[in-house]
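Structures follow.
Look at the two complexes coming up: chain A is in both, with chain B in one and chain C in the other.
Entry: the complex of A and B
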């Protein structure tokens, strides 16, 4: 357990609590971004657990270089996070235009009132 | 209410236990040897780039598709709704001048990251993102109209589609002569030199163009929808 892994786990827990408890949709998206950041930190710091160096450079010895495969997964995490946040922000913008609030509970109440009418 | 607090904490504790039990223990000498053999096989000094753009090229292709789908979704949902009135806020002189000064270095840094992605940390995705950050800076300082004037609307959109088609052809064409991955279409070269790594630098450059155009489209549609940043 390197410090990076510990920080990643703490950040993940904090962001999950924020994602569940905050009622503001924009804050929920920020928490999602934080979860992605903690995942990236975990993927980068896990292969360095044994004091290895970065797997970049010509003269790096095979025994001291970190495994590059987990670091390659970071790219997928970043791209999917970008796609998720961009689309979610669009939906939040459309919701705000219709209901004039970013409060999730208020939007749910307004939707329910509309359905009853 | 206590359930919503306890459940994520329990999940995090479970993750911690799993990591303590299994995390970081799987690295063997064989994997490290395989990692250094990557550089010799592909000619890329950056082994992460060798994995992303050679060993797992098809995975990267589908990541690019995911990116294109996100841009398409933003375009689809924001195009149909209203276009905000183009009223620009007058930013201060310092901000405007700083944006004009900082745009060329941002573009240059993006191109550098893309071209040298197989030698040092960087690559197509980060290079395109850095260049697009320069665009965002200009949008903040000068408004959406200045951006649209600088980069013609239809031109960048066409570039985005064209780059995707070119990458698709480059990746899928070698299947016809039974080569599994296209990076071997060019010789790997000497690791550490600029023209090395076969097709990896070309992929990086194309991906950076695609990310640049896609991020520009996202910024453009958000700004056009709201009328300001």
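Entry: the complex of A and C
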């Protein structure tokens, strides 16, 4: 376990707690961003990915170079997470326009009332 | 065989073309469908004749590269994808959708077709995320507040699930140095008792399960599938959820998930059928049944033999066809009657057009498992491929629950007047009904279905009628009771907690089965 792995696991846990406990949708999205960030941190700080030299060029030793695979993985993950977060924010904006609140419980109740009418 | 890699590329190019095609967009979509269908047909023939196809994209083999594998499960789901894609295009041909709708559809088909052939965890992660990204947009496409809220809940829960999945991927990478499923399979076989295997398996299963329609994990599903436009519901229940289930199957081929899948399958099946039984809205009831029918497939995956896994895949395909049919029929009926509430539909049943009647009739017969339509054979295939007495009892219980909850549709199953239904929608109903019947009639002759013997079929038929009758009877006994099952679990916060709880249960189950 590197320090990065420990921080990543703590961050994932904290963010999940925030996702449940914060009723404000904007905070929920921030929590989601934290979850995504923690997975990125986890991938690049795996013990196997250890190494500080860039894994490109001539004469780079495999023992000191960073593992290129996790770098490639997090690049893809960051892009996807950005798209998801941006889309989620659009949904929140449209919901706020309609219900004038960012409180998840209230929106849930208002949507249900409209459905039953 | 670069055909396997060509399929997603074709649909992505077509998506780009759709955004600039203007009024010709429907022709672009139709042309793409035709090209895609021919490619899938070629892949089908190649796989049936000479077994699984392996392609290394970019020429890097094994653990370094991206490997695509098309096996029997892939071609089964690819064929389902082509059929449903075509039916959605037919269904929406009258709706004058904009280019962006078709573009989204093509991106979704590209992602789904790539999921079916993916053979590494990171590709599955990216493609499942892309597929659901398109789903969120399609669920919220009409921007009704219910749709937006259902879609946002779907997004938040699925993202949490994908977070768990990626952490599982990181554990796998740390211990094997690759996310390739083949490499992973060898590593697990070499050291089946290593403690990381249980952790990785639980993280990956919980993550994929959020998208696979497993009851305690996919609590976003009833709302999203119920409020989406009918054709999109058909696509979500027919294809998108199935891709998650396929991912679960891929995981089950690597990790020792048998016990966990049996437990999850049973819970999913029973709770799904129970909620469907007391549901008053037709589309929401169908959504709950997507959950309960995924339970069947999970029970089959839990048996652990390749034949049972293929039987589960056959059931996924059969369910994809008839659930799409039911959703499209429900959409037409709700349009004509002005509501999708079952009591309103019953009062106004004179108005339900012929196309909706046919769709609901064929779909109901199929999902209840009466011969000779798809559901009967696929369910028979699961029981024929072995499993314990416990499994057979569980499957029988699920069949009774299914029949009981569909018994309340009986007054709607009538062949009414033709009504005013767009030609494209009629065509979609016709194609899917024909598909359900043909799939049922030809399944016994497919490779791998030798366990379906004629002598056993009579017993199977008798049993399925018996189970349907038992279901009908239990509905009759329960019909006066109006039980309100707890709805709180479908709130966002409770659903997140449910995912975490289910993850812990899966960890415990994997620990116990070791």
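Please note the rule applied: the second predicted complex is superposed on the first by the 105 of 117 C-alpha atoms of A that agree within 3 Å, B and C clash if a C-alpha of one lies under 4 Å from a C-alpha of the other, contacts with A are read in each partner's own complex, and residues count from 1 in each chain.
By our rule, a residue touches a chain if its C-beta (ideal position, glycine included) is under 8 Å from a C-beta of that chain, and two chains touch if they have at least 3 such contacts.
Predicted model, so just to flag it, every value in this text is computed and none were measured.
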item	value
Partner chain(s) touched by A:65 [first = chain B, second = chain C, both, neither]	first
Touching partner for A:16 - first (chain B), second (chain C), both, neither	both
Which superposed partner A:86 touches (first chain B, second chain C, both, neither)	first
First (chain B), second (chain C), both or neither touched by A:35	second
Contacts of A:3 with chain B and chain C, given as first, second, both or neither	neither
Chain B versus chain C as contact partner of A:43, first or second or both or neither	second
Touched partner set for A:104, first chain B, second chain C, both or neither	second
Chain B versus chain C as contact partner of A:114, first or second or both or neither	second
Overlap of the chain B and chain C footprints on chain A, listed as residue numbers	12, 16, 20-21, 46-47, 69, 76, 80, 83-84, 87, 91, 94
In the complex with chain A, residue positions of chain B that touch it	4-5, 7-9, 11-12, 15-16, 19-20, 23-24, 27, 29, 31-33, 35-36, 38-39, 45-48, 50-52, 56, 59-60, 63-64, 66-67, 69-71, 73-74, 77-78, 81, 120-121, 123, 125, 191-192, 218, 222, 225-226
Residue ranges of chain A touching chain C (in the complex, touch as defined)	12, 16, 19-21, 25, 28, 32, 35-36, 38-39, 42-43, 46-48, 69-70, 73, 76-77, 80-81, 83-84, 87-88, 91-92, 94-95, 98-99, 104-105, 107-108, 111, 114-115
Residues of chain C touching chain A in the complex	122, 125-126, 129-130, 133, 136-137, 140, 143, 145-146, 148-149, 151-152, 155-156, 159-160, 163, 166-167, 169-170, 173-174, 177-179, 491-493, 496-497, 500
Residue ranges of chain A in contact with chain B within the complex	1, 5, 9, 12-13, 16-17, 20-21, 46-47, 49-50, 54-58, 60-63, 65, 67-69, 71-72, 75-76, 78-80, 82-84, 86-87, 89-91, 93-94, 97
